[in-house]
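Quick heads-up: structures coming right below.
The two complexes that follow have chain A in common; it is paired with chain B in the first and with chain C in the second.
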Partner chain A sequence: MLTGLGITAGYQAPVITDVSLTVHPGQTVGLAGPSGSGKSTLARVLALLHKPFAGTVEIDGETVTGFRFRAAQRTRIGVLFQQPRLSVDPRFTLRQAIAEPGGDRVGELADLVMLTDDLLGRRPHEVSDGQLQRACLARALALNPRYLICDEMTTMLDASTTAALVGVIRAYQRESGAGVLAISHDTTLLTRWADETVRLSAPLPR
Partner chain B sequence: MADLTWRSAPRSRLTAASPPRSPKWRLLPSAIVLGVVALVVLVVPLFAELNEQYVDLAIANQPPSTAHLFGTDELGRDVLLRCVYALRVSLTVGVVAAVISAVAGTAVGALAGSIGGWFDRILMRVVDAIASVPHLLLGIVIVAILRPSLSAVIISIALTHWLTAARIVRSEVLSLRTRPFIDAAIAGGASRTQVLTRHLLPNVAPQVLLATTLMVPHAVWHETALSFLGLGLPPHAASIGNMINDAQRSLLIGGWWMSLAPGLLLIITTLAVSGLSGVWRDRLNPKRRTELTW
Partner chain C sequence: MVNLEIDRVSVRFALKGATVEAVNDVSLRIRPGECVALVGESGCGKTVLASALLGFLPGNAETSGSARLGEIDLLAATDHELATTVRGRRIGLIPQSPASHLTPVRTARSQLEEAARILGGDARQAAERAGLLPEHLDRYPHELSGGMAQRVANALALVGNPPLLIADEPTTGLDRDLVDGLLDEFRRLVDDGHAVLLITHDLAAAHRVADRIAVMYAGRIVEAGPAHEVLDASKHPYSRGLANALPERDFLPIPGQPPLLTDLPAGCAFAPRCDQATAICEDRPVLTDDPHAVACHRPC
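Coming up: the complex of A and B.
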């Protein structure tokens, strides 16, 4: 169970205050809310990439004590970012990007996300957003994460690529029992994809 | 109904798209110039009878001729031969000092930028403190401590010029470390060292390369300044700095060739180094690398 309890987090000032959220293994939780409501901030905290001002994160009953490099449990959580073009090192080929977490399953993962061998040799600027997001999904699944956080991963994609990626995630979820936190503005997508949807309210004007 | 005829507008020279110039145009001249320079500075000193310090007052201040292609200086020394020896010294000073300062600056900047926090603040205040002292003054102190010599000049220049590289690398690393691909690497279990060596350093390499290239002529100029103050190489030793400095006096009596030859050599060599590093920089840029077809 991935749990955020009483999370208050932000950058200079808090963006989210006292927010709690739980994702059970095998469950897909949708997270919706207007721009600036702190969806991505909450996602970053739960992905152990951003230290909250207050609150705790628990993974399968284990309280997280460090964030970013200090988080021993970070490989249990896979992350898919909103903009695939910014989330792959521009110098890497797709093959290198997928292999980065240290797995030797590049071929298997590429097949899973339907990337051909020709595409694996290309660099990010030589492929489409959809193809790049497929590579990012393969990279996120490389370490068989217990939880997968998808931070508006479909924003840059067309309907068919969105459907394909969601299909891959669902198949992985069925196979591994992983929990998924799906963040999106697309309420139709969340209605179809998520088992339940949590809505963050707009931030109060300062 | 009026006739509508479409006529393409003539393309002016300004709007016409010109095909991109092949990088070979930069690579070939640069490689040839540096190849010739390297060959000359390595081969000529092997001939013992060619002494660049040989004084012959009978042929002093002679303009370029077939006997002395670049003329002679006020002591009758052959300017071409002195240029060859001077390039050897000046390129050693320029390249070695530039490389040392780039390595030191990159190390400090990368550590400050990637670790951040108090470590970054303290390190950058140290950099500010050193930068607040005029670097020529600091260089003079270092050479005075080490005693004037070629290695003292190199150490002095390197120790006073790593600050620029440190600042460039730090600011690039600070910008890069907030990018999602760094977050993705961390989420994938990469350690701080792995992030630094796999992502941060390779992505700042083009900027470091540019700073190093610009540093080469600056280091040569610095060697000139130290030599002028009597803290660099001894006056009889040929270096580009010493030669240009000596030639200033001869300009007043019409001896233009004494400063022209070393000055031109310095400019041409610097342009060649710059051209070569530009090609290398393009090769390091993944987007440009795809466009390059050679």
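Coming up: the complex of A and C.
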């Protein structure tokens, strides 16, 4: 179980206050809410990429003790971001990007996300957003995460690529029992993808 | 008011040892008072086509064909002509991710007033029309939310009152309410007699606002026609697959991946992914010449 308990977090001023959320193994939880409601902030806290002002994160019963570069447990959580182009080192080929977390499963992972040998030899600027997001998914799955956090993963993608990547994630969940937190402002997508959807309310005007 | 007549436009990029065929033989007409959506997956050549119309292609690009806007051929015009008579004056561009297109060290107001001065428009009126309050204009780009940055981009594109607007993936990253507001704004512009070319991978947005939809695959237009017909009664297997992949429909991907633009098949580029394909598809299909046009030997 991936749990955030009473999370208050933000950047100088809090963006989310006393928010709790649980993702069970094998479950897909949708997280919706308007721009600025703190969806990404909550995602970054649960991915151990951002230290909350208050509250705790637990992974399978263990309380998380360190965030960002002190996060020893982060390999149990995979993350996908909205803009694949900002999350891959532009000097890497797709093959190097997928191999970056370590492990020797590049071929297997590339098959999973349907990247051909030719595409694996290319660098980010030589492929489309959809192809690059496929590589990011392969990279996120490289260490067999127990939980996967997808922060607006499909924003840059067309309908067919969206359906393809959600299909890959569902297959991984069936095989591994991983839990997924799917963040999107597209409620139609979440209705189809998630088992249940949590909604963050609009931010207070500042 | 004049039509934009895109006639057999191709764009190629010369790379070391390879040629990228980004846009192939595209013809499209956009009339005043009409919104045409160009849809297709990322990397299919949509943005390259828009860049070609505005003279924003990099140096290694070669173009052929013509794109006439009244008496001017956008592909043959010099950069000076485009800068002094076309950009902002006859064609307004709403770029992808507007926040990153604004100058970060100047307020929205100073950028809008500069554009108004050079293009001869009215900054206050443009801001008002785009739904911006005076206090928003005093912010720097990093202080604007996505929706506000979008409105600044709209005001900048419209301040010179251009008859044609090109919007490149304007809905990406906006939440549903903001998307709906933006599409309503496009609709108002179209009803006022503007022509709008909406470039998007968001089929729902295209369906909502466009009069006609052109579907692009591997640099070619494979289907073009009235918006509801193209999405609800698709003739091309690719358009049908794309529409059926929507989460409110089958939510199933089209099998396979698009071909590399450096290595396009001689025949129909979609044939390797198509369950209807036969030997005849080794010949390239031609886009038919009717109101609901399709380039397929075995249309649905």
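One rule holds for everything that comes next: the second predicted complex is superposed on the first by the 206 of 206 C-alpha atoms of A that agree within 3 Å, B and C clash if a C-alpha of one lies under 4 Å from a C-alpha of the other, contacts with A are read in each partner's own complex, and residues count from 1 in each chain.
The criterion applied here is as follows: a contact is a pair of C-beta atoms (placed from the backbone, for glycine too) under 8 Å apart; a residue touches a chain by one contact, two chains touch by 3 or more.
What you see is a predicted model, and the numbers here were worked out from it, not measured in a lab.
Within the superposed three-chain model, A:142 lies in touch with chain B and out of touch with chain C [touch as defined at top].
Within the superposed three-chain model, A:155 lies in touch with chain C and out of touch with chain B [touch as defined at top]. By the touch criterion defined above, A:125 reaches chain B but does not reach chain C. In the superposed model, A:7 makes contact with neither chain B nor chain C.
In the superposition on chain A, A:90 contacts chain B only, with no contact to chain C.
In the superposition on chain A, A:43 makes contact with neither chain B nor chain C. When the two complexes are laid over each other on chain A, chain A has no residue in contact with both chain B and chain C. Residues 34-36, 82, 114, 116, 118, 127-131, 152, 155-164, 166-167, 185-189, 191-193 of chain A are the ones that touch chain C when the two sit in their complex. The touching residues of chain B, counted against chain A in their complex, run 179-181, 183-192, 198-199, 202-203, 286-287, 290.
Only residues 44, 47-49, 68-69, 74-75, 77-79, 81, 83, 86-91, 100-102, 123-126, 136, 139-140, 142-143 of chain A touch chain B when the two sit together in their complex.
Across the complex, chain A is touched by residues 40-43, 145-147, 172-178, 201, 203-204, 241-243, 245-248, 251-254, 256-257, 260 of chain C.
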